[in-house]
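By written order: A, B, C, D and E. Residues from 1 in each chain.
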């Protein structure tokens, strides 16, 4: 019945200024600027090929925009590798699930703790002392996430054998395990039925509420976007055509023309 | 009905993360260890030691090493023969140049040399993937072949380029008997296998597997490809190098570079794939299979031929061996692309469900 | 589910079979038999050369059994084991065969430099002699250090020395060597490298330029090596190849118009499979002989009568009497005569490896005995001793005329003033490395 | 032969009209990798000229059903262990995918599966493979596809791997059309597409159905859209058909409304307000 | 200078001969994504079938032309049977498996073929004469001392390779089957779904690769005699392949030229100072260096990577 809560955020966590990105002459993003504030749920919407995934790829360092700058936590970022972004607290999930198919659910989520595990090869080989303690300590964290996402029963199942919806959930778990400050979700609800979407929304909201994680998500289901996000950016053909609270965006004629169509 | 895990509960994460969480498995493993260390030495002939047990044990270690790279980190390598060679020649040089070192110390140190070389040859993997990488590793193989032959320092200026292992001793005991060779090889292999098992179930192993399964995603969640790939190359080369040193010191005794040529690389790859990518046990099973098969065919074919009145020459045997070997590889891949290790676990699964079909 | 279950079952059966095959007690053996293993390679890149040799080895033994019932009434049993020229397979063959027969293997002929190196380490422990006729470690002729190795008839150092002697003679004296350039085109392996030490010494002594050109195994592609030869224009090319490398070298020589009669192969580069594929291009090519020529001699009549015509031979008709086939029968003859020598001391029963070793060390075939054996014209006299495990250092040169090998030189004898110090030095070094106390040959019996 | 095979779970269908069905699936079971039972007896039928929607959650077996029909299962180490599949009265399980395409049944796979290194036009042309060298016919068909998907005409020369998700989906459907099918098995056409594009694709499906008389069996998550365009629907859960009927009836069904359309008794509920993790009873 | 040219030309021609073997790899990889290690063994098998049949026909006193043609036909039939068996017994059972599994399977095929070919046709060296001239010719003798040596056989081989490449390039880009082959290489399952019969496609592509192997076998056999080591040619062809890109037919030729020239120049001019025998790894190192700049090879298709 209700739509977005009136929440307001002031601290800018990440800002994107005048970014342009092209592949072999084809412009994927043109002169885009927006910001993500600490603690909010930010949605990016737009038609297919609008450059939404490219945008996320720029944010986490997989693509390097030819122009413009990204400022994260007040620091202007130079060209960096994705793992460096991860080290700074940016985690993400993928449009086409990018789980490690050969590993179990547990191991997949444990990889999310990777950045925080420090013991070297030697102790690992012996698996005594620090290595063992570290493993157990992180296992506890991971078990809490498994609990939170209600995937206890598939703990030891290779993820390749799981149905799509569960895989998405495991992927979220892996991202959460990194305890990120900024969580990028690329179509977390694609291919889910209603019930699964409801569950997923719940998880997203809880992560946001309980851990204070800032979330930036790409989603096609307008119901979801309008309901859970605080602010929405709309992209079309690599350009920004709208930005604002869900209700404003929904009424924006440019957005309706380019994306929502008449039925919404 | 014997193989059930019902009633075995795990009360701690340690217990849950154990290598053999099922009690029956632990028992079987223990029994195998007892047999390997305590029974085998009393019942085995020298031939079985020399022709079967020692090569199997040593090659198992090499296969485990290759499996770290191929099975766990997903980097295909055709240069493992050369890395065995690096280990062998490193051990030889250590033994020759630092005569006060015990040969066993040389064997272990040679692993580090091989690891260093492995890191160098692993650098291209940061940019090159898949079959291109496989071919690129052939550069390591051929460069190794060449270096062992041509760089005279490597062979300590022996005129023919063939070198000998030093006599094996430890604390004054002579360890050159086949039994001693076997026990030493088995001990080193098991210890290193355990270490590898520990690594692959820890966070470093998970990094490798992440890189293997999806390198982009791995990097995005914070795995450094540089570190993950090179550490896999290092660990893999270490194991292969130690195996190479043992191959030279414990098995061949005297060798020429041809002992570490491309055929060695191929046979290691067979072991890994037939045994099962990403399985320590599989590496050993693969090694057993690849070592035993030719011996078995060699002994079984002539009597079989004679039984149907056909005199089989060694040439025919060896052509047949080649054919059967090839056919079996294909057969195994068709039946179970994930190798003997998977067959093994399916067998266990069946046993667990037995007598119910599902 | 079917196929997988079949696979599981199959794997189980095969593994059971494997274990059974390995542990099954050996079949009861007759007590009056002498076992001689035969390591062969009938497959792989070197098969064309390996096959005729292996056939010769087998045929001579079959002939002895058929004609004489073995040696002094002791039947010979033999078993082939395929090594594929690979060291580890060779070692496995050795381990498998060394204990067969009532007295174990009489001797081994590894027929590969690599396998020889490996077995050199193992033979002393097992007390089995190695007959490495015309190959193996050149310094192993030193019986004080290498008790168990017998490089009968010639080593690579002998070959290198004889080759230089031949070239000097062709040019009209050793002084003519000065300033000339002699290239060694060699198989890049211990086998091919063996002669380098001897050639180095001789190049210093006689003042010729010595050019080393390695060919990576298997040697089917030699374009760049021959381009180098074309550039360097050596006056003579010594060829130390094996298998396909030989014919490829001869062909490439033709391709770059290098005079074939300025090429001299070692005895492993001087057989029919080495020249036939080169066709016309091989005409004029020369090679050292391990004493013996191609062709049929007295012994071949018996082989024909007792083996070939009985259909007991695997040799193809054209193989019979070829260079490598003949070498094979010589190999068997030397081995069986050594056993006979041993029996003279230890009695007419199967000999142990140790006894055979004594027999080889006391082998003494003079011209009469050689004639008796039907080898007249094939080899010269040979007398092995504790100090000299080579027994003879004789060689000749033959030339391919497009159809067959023609002997074109007289006998040359290895020059011990060059060879002996070299042998002594390296053998002693080996002995020191291996902590072997040299036997005192003056006391050896 | 078709009659007894489609006996169970066909309440709305008159008996004896098997000939009017392009596809009859009777009680099939599918096992992957010799161990995982995915379909536990699925029966359905696609009448001539109909759009039939196969609905259900992830892992319910929708894709597997389609692949079982088009015989693409074998490639994934799955096999049909029980049951029969008929196409126009002819038994087709055990044929190759190629045979089925020749009989006019073609599948558009989930996740698009374009040939990334081929251009869009080359992609389309591969669809005409079974028609051999009939140049004129192929050229005509190509024009027809471009008529339905004008966007593809613009992108005809670009490598398919570099086109957007929507264009790839269109390429995949267009490619299937090139084989002149009478039945298309469409797997998750809306997956990952913008709402506007979803409508566009479904409009095209509708057009093809009406003008070209192509029957569709489509597996779809998006129950809402699917039931708007389909004539019939089957709802799968854990490898079994749990509900089937005319699309209109299904739309009105309370359970469907509740669980698949998100319209509870009191109307649509905000995602933000679904506070408890609701668990419906699942039958396994 | 004359010598440099001679080495260069010799290298280029040798490179073309490698290309002949590499072509077979490219074909199969391009069309089925299978890295066919068995190409060398196929060259051996084709060569052995050719030479043995030719021997037999000549013993029957057939005229040379007829005997040669029949021998080629016989060898082609053998290659067709092999292609059929490979499709039937291997590829069909391994549809959609990971690349590495298929690669392994082709190694299995390699062993099988080596054993089979030698069992059927013998393990000796068989001189082969298919009527190609083999004499050396000397060019520009007036310009350089001793002229520039070129072998006629190599020139003919280069011509044959050139024709093959042109033909195959057309076949892939312009024909229906060629397009289907490329589609299969991209996505087995999707190709199947649009009605491309994988089985036929694979048969065709292995057959074509078999025929390429036959040409390579004839050329290399004339050069070296037909014998086991033909099987090892695969290893010489691999650097050509990585350099040219696994999927490019022209790449195989250009890669061959670069590798051939590079390794010969290196061996002749650098080799002596490094102890010789460097060409085999040098070829790989050259290929590797190229790879570092273009990970898909010189002409390989761009790897399309998305997340």
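A few comments on the model shown:
One rule holds in what follows: a contact is a pair of C-beta atoms (placed from the backbone, for glycine too) under 8 Å apart; a residue touches a chain by one contact, two chains touch by 3 or more.
Since this is a predicted model, take the numbers as computed values, not measurements.
Of all chains in the assembly, those touching chain B and also chain D are A, E. Geometrically, the chain at the heart of the complex, using CA-atom means, is B.
Our note on geometry: chain A versus chain C, Cα centroid distance of 72 Å, whole angstroms. The mean-CA centres of chain C and chain E are about 36 angstrom from one another, to the nearest whole unit.
Each chain gets a centre from the mean of its Cα atoms; for chain D and chain E, those two points are 44 Å apart. Contact of a single residue of chain A with at least two other chains is seen at positions 62, 94-96, 98.
Annotation for chain D: residues 162 touch two or more other chains.
Multi-chain contact residues of chain C (touching two or more other chains) are listed as 4, 42-43, 47, 51, 188, 214, 216. Remark: chain C residues 3-4, 7-8, 11, 14-15, 17-18, 21-23, 40, 42-43, 47, 51, 54, 80-82, 84, 86-89, 91-92, 95-96, 98-99, 113-114, 117-118, 120-122, 125, 137, 188-190, 193-194, 196-197, 214, 216-217, 314, 426, 430, 433-435 touch chain B in the complex. The part of chain D that touches chain E in the complex is made up of residues 70, 72, 74-77, 96-98, 100-102, 106-109, 113-118, 122-123, 125-127, 129-130, 132-133, 159, 161-162, 172, 175-176, 178-179.
Every residue of chain B that touches chain C in the complex is listed here, in rising order: 45-48, 50-52, 55, 145-146, 149-150, 159-162, 164-167, 176, 251-259, 261, 263, 292-296, 298-300, 313-315, 317-319, 322, 331-332, 335-336, 340, 343, 346-347. Chain A makes touch with chain B in their complex at residues 60, 62, 81-83, 85-87, 91-92, 94, 98-103, 107, 110-115, 117, 119, 121, 124-127, 131-132, 134-136, 138-140, 143, 174-175, 178. Against chain A, in their complex, chain D makes its touches with residues 36, 56-59, 111, 162-167, 188, 191-197, 199, 221, 223, 259-262, 267-275, 277-278, 280.
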